[in-house]
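Look for chain A in each of the two complexes below; its partner is chain B in the first and chain C in the second.
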Partner chain A sequence: MIVTAPSPRTLGHRLALPAATAGVTALVVVSLFVGVYDIAGEGFGTEMFFISRVPRTLALVLAGCAMAVSGLIMQLLTQNRFVEPSTTGTSEWAALGLLVTVLLAPTAPLIVRMVVASVAAFVGTMIFIGILRRISLRSSLVVPLIGIMLGAVVSAFTTYLAVSTNSLQMLGTWFMGSFTSIVRGRYEVLWVVAIVVVLVFLSADRITVAGLGRDIATTVGVDHTRVMLIGAGLVAVATGVTTVVVGFLPFLGLVVPNLVSMWRGDNARANLPWVCLGGVAIVVVCDIVGRVIRMPFEVPVSMILGVVGSAVFITLLLRMRARA
Partner chain B sequence: MSTRLIRPLAAASLAAALALTGCASGAAAPAEQAAATTVTVEDNHGSIEVPVNPERVVALDNTTFETLSEWGVTLVAAPKPLMYDLWPSLSGGDEVLDAGLHREPNIENILAADPDLIVGGYRFREIYDQLKDIQPATIETSPRDGEEHTSELKRQTAILGQVFDKNDEATKLSADLDAAIADAKAAYDPSQTVMGLITSGGKISYAAPGEGRGVGHLFPTLGLTPALDRAAEDASHGDDISVEAIAAANPEWLFVLDRDAMFGEDGYVSAKDLIENAEALKNVPAVQKNQIVYLDGSFYLDEGIQAYTKLYRSAAEAFAS
Partner chain C sequence: MPEVLTRPAPALALRRPRIALRFGILALVVIVAAVGVLTWNVPGEPGSRAFWLAVNLRVVSVATIALVACCQAVATVLFHTATANRILTPSIMGFDALYVVMQTALVFFFGSAALSATDGLLKVVVQSALMVGFATLLYGWLFAGRRGNLHIMLLVGVVLGVGFGSLSTVMQRLLTPSDFDILSARLFGNLSNSDAEYLPWGALVVAVVLVLVWRARHRLDVLALGREASVNLGLAYRREVIGVLVLVAVLISVSTTMVGPMTFFGFLVATLAYQLAGSSQHRVVLPFAVLLGMATLLGGYFVLRHVFYAAGMLSIIIEFVGGVFFLIYLLRKGSL
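Up next is the complex of A and B:
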């Protein structure tokens, strides 16, 4: 299963990425043709294709990519395999930011909501990283536990705020990661995360080095603090935007980078395309399952991700323990 | 103070209060019985004897509020957060204690209100036993699941009529409901398909015929032809459905419950916005012909016999035009 030393570049190696890309593209195409409306039908079918299917599939690709990559960055920055936006409290902070904007400035445009959610996510991520620095860690499991606890405190506050303003009902619908309501005009802001992913590609090496610690980073000439800030910022934007548009996508950032590094080893830069592809593949598959399982109704993608993700998470834990 | 201390204190005070009420009724029983009469009604749990026209009433069931308000009943405690500003005559004033929301009922206030009668049920059905402990004259009259909804509404109204000595008024409310239903049935053309929707948080969900808050009850009551006939998994909040699926079902009529209308701050996305501005729905006959009936903004907090009468009336008007 684990491929070691990629030195003799075999044909298989060189073909792996294009083959995987082709596979994921095929999934994306399948996603375009899964749905209730008969798009082959006369007249309105084609229009429906562009109103509903294309935006939804694009949103899946963008959100899947963004959350998987966010997980990878968080794992590099904290040097911990169990960390991703939903186990560091980042998503919960984004949710709090969004709720506060809606309550204080109900008519604020989407862009304002996204900015506030991203800023809140950034603040939350920095708090998490700050706490990590102040405690001595015995076990790598403590890190996500702290994050989950932090997230629980924040979301408890969000829930309190929602209960006292009678918006609990809305809160539930907003943050349930679901692509059901994605149509033309309601996903476009997700393109922001495409920029984030590109930036991550450009700074992957520096993030990897910064993750090794301040001393090593400084030795090789990387401004540790700056890279930490940039990394956390990128994660915050990706999480904030995704949370506002589709809601929580739990475990995605955890499962994908871990599966990729189990299979290919830890080379962040080389793994990045795989993480992107993996994120897209999992989200698209989960969404297709969600669309088909109860046709013509849908099961939110977050529910399926939760089931798949927690299973993989437990498997990972058991494997780590076996190795230790 | 820690909760460890509060609990026994609360329990002790509850026990003391119960003992007191017990003593009081024991001592004053003969005198009271001469003055106040009682009536035996059949509520959701069976036969129960309650005082007629009780003085101190706590009502928690929102399906009864409009009726009680119309009949001039005053309350000593009410779930104020659930009532909004809908029933000022029931919830207004500091002398009306706040019974809290069903998620966090304020049992102490209900106890402190010292009620002669508690109208429990619906959202508050889970605390029935606790209410019974506070006041044995606790009735639950809300429409039961699985029963024919219209007759449940009439049954509820009749029970309340007996308790509050408003039998004529109750008969009138039931007659109004029947009339509205008959009108709507007469105006409806069964060849036209209907779909029920619930909107919340900017998303549209499907309300299954026969289930799902208000919208669903229209189908069996009026004999509507569903555009999409599927059982519900989530009857009270609706099932996740895409605009595509709504478009594919191609309904002639839409009945829409806007859950957020009541709480909606200025910026909330209204059902009208969601449905009439959806590109994917522009070819659906209901949208094209503007055959969409929106339920009253307060419906979701009301759901009583008057709310349904109003709903069936608006259905009748819409079908007739």
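Up next is the complex of A and C:
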């Protein structure tokens, strides 16, 4: 008979996750009731609620969750804390893929655009991982730098393409990272992302082991190459779909996993629910701020995230400098 | 061993003429490009009134380009010297994003009247002073850390740039449309339509800075050796670094006012200048960097405008080429 060790966790620890879930749920409910249209009023209130508010909030939850988890996977796979879709150029590749599809096949349905964007994101991630392999000195800071620069180069090319085809304005509004245009019928594909998150939950242990390096992974009996490909694929799908539906959500995947592991340590699997909750919470809060700060207009969530995210990121870096 | 020791020092004696030749060729390229931009495909007979009118309009473009090239090239070399490394550049570190944020904040908190109230010389002085003060505080603090690690610095700078960018967009979103119009007319000039009114003031400021830089060229050579060496050689290190950062801030604010932010241009020009100059003395590097900057911008402008009819894309192309170049440099350095 196997005797499991008694759990060292106290009641407080066991209640932490439900409490946090309740908190995030409350935020989500608040998000449902923030907006210009008076849903309690006469006429179309209830209808508008289901056409506009519910899809928007669902999209927020899904996208926030997906990007935070993507950051976590990439950090595990590359063994680098500063890596996430927007610091590896993955988002920029997805954008390039999207623009190319729209230019070549303007009438292609959403699903085609998503597939192409995801494939482009996958190619970009693989290029990035390939570059990482070729650098012998893998200073943890050179890695994100190269990623950001790679992203800048890819996005300069995307801009060039957009300028020469007169679609620059379209490009700007697409990638703004805004939930303004999310209504019923415009967000459903985001459920793909939910599947990705479930898959990540299922393969969390393998991804963690693969992150320890090829040798250790092989010793433990994990096919390193396959897990790398699966991990990069999951991230690419999440990034591609999110980019097509909402746009860029900068720094989210970087800030959330880092804050969680600073607080709870590095157990990737145990941290996963926290990363999901954190991602949702930050996106929802930034979105509410963006909606309230200048009613009846909106500030896109990506801008608020850019400000908050870069501030947190720099704080993390400077803390690291102080400790070094 | 003895071979190495007895090898005649070809350095200066033999290389001087070659450097002079390169310098001459570059100068020629600049002149040809400038004349090209001024006179190519001008409507009207040469010498007629329409001809001179068009040329006069183009003089503004050429002068702006020359001034911007000068600013970016000198600022980058100075920044390299102050930080004793050749990867960091003011634009990658978010200097121009800082300028944009400060301009936006000015309008955001005081309204667009603040911009027009500080026009002319006052505008240049007040805004440069603000920019300089803030940049000195921020970057002085960043670089002052003795445990400072180059990569942390670079990453902090890059992310600061991104953050400043987001912050200014948030503030711009909150402006009234008319304030926003006035602001964006100030911020996002491009090479083809620059503000002729501002040009003389910008030129004046840049001229003063250039004189100061030229007079400090020998001290800059010492500063480039890094903190330890320059302190040992008796340089007031801290004061010199802050002085240089001030000059960089002024140059970047002039350049950004005229054409908007350019991320990789300075890096591209300065790195090429070190290769071509074949010396790290500032009296050689600086003129090379300036000429190279003018040659790149004027040449690129001419080609794009008269061959591909796409003058608006110059900064995008520079961004692309410069970014690739930067990546290659970083990758090679990463494998050292």
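Operating definition for what follows: the second predicted complex is superposed on the first by the 316 of 324 C-alpha atoms of A that agree within 3 Å, B and C clash if a C-alpha of one lies under 4 Å from a C-alpha of the other, contacts with A are read in each partner's own complex, and residues count from 1 in each chain.
The rule is simple: contacts are C-beta pairs under 8 Å (C-beta built on N, C-alpha and C of every residue); 3 or more make two chains touch, one makes a residue touch a chain.
The structure presented is a predicted model; accordingly, all values stated were derived computationally and were not measured.
With both complexes brought onto chain A, simultaneous placement of chain B and chain C is prevented by a clash.
When the two structures are aligned on the shared chain, A:I51 is found in touch with chain B, with no touch to chain C.
In the superposition on chain A, A:A311 makes contact with chain C only, while chain B stays out of contact range.
Touch criterion met: A:V299 reaches chain B and chain C at once.
With both structures placed on the common chain, the touch criterion links A:Y160 to chain C but leaves chain B unconnected. By the document's definition of touching, neither partner reaches A:V34: not chain B, not chain C. Looking at the shared chain after the overlay, A:Q169 reaches chain B, while chain C stays out of its contact range. By the touch criterion stated above, A:V100 is placed in contact with neither chain B nor chain C. In the overlay built on the shared chain, the residue A:A194 is in contact with neither chain B nor chain C.
After the shared chain A is superposed, the part of chain C among 145-153, 253-261, 289-297 or 325-333 that runs into chain B is 289-297, by C-alpha clashes.
When the two complexes are superposed on chain A, the residues of chain A that touch both chain B and chain C are 163, 294, 297, 299-300. Of all the residues in chain A, the ones that touch chain B in their complex are 35-38, 44, 47-48, 51-52, 102-103, 105-108, 163, 165-167, 169-174, 178, 180-181, 183-185, 291, 294, 296-300. Across the complex, chain C is touched by residues 82, 131, 134-139, 141-142, 144-146, 148-150, 152-153, 156-157, 159-160, 163-164, 250, 293-294, 297, 299-300, 302-307, 309-311, 313-314, 317-318, 320-322, 324 of chain A. The touching residues of chain C, when paired with chain A in their complex, are 145, 147-149, 151-152, 154-156, 158-160, 162-163, 165-167, 169-170, 173-174, 263, 310, 312-313, 316-317, 319-320, 323-324, 326-327, 330-331, 334-336.
If you check the complex, the residues on chain B that touch chain A are 81, 101, 103, 200-204, 206, 228, 230, 233, 237, 239-245, 247-249, 259-260, 263, 265-268, 278-280, 283.
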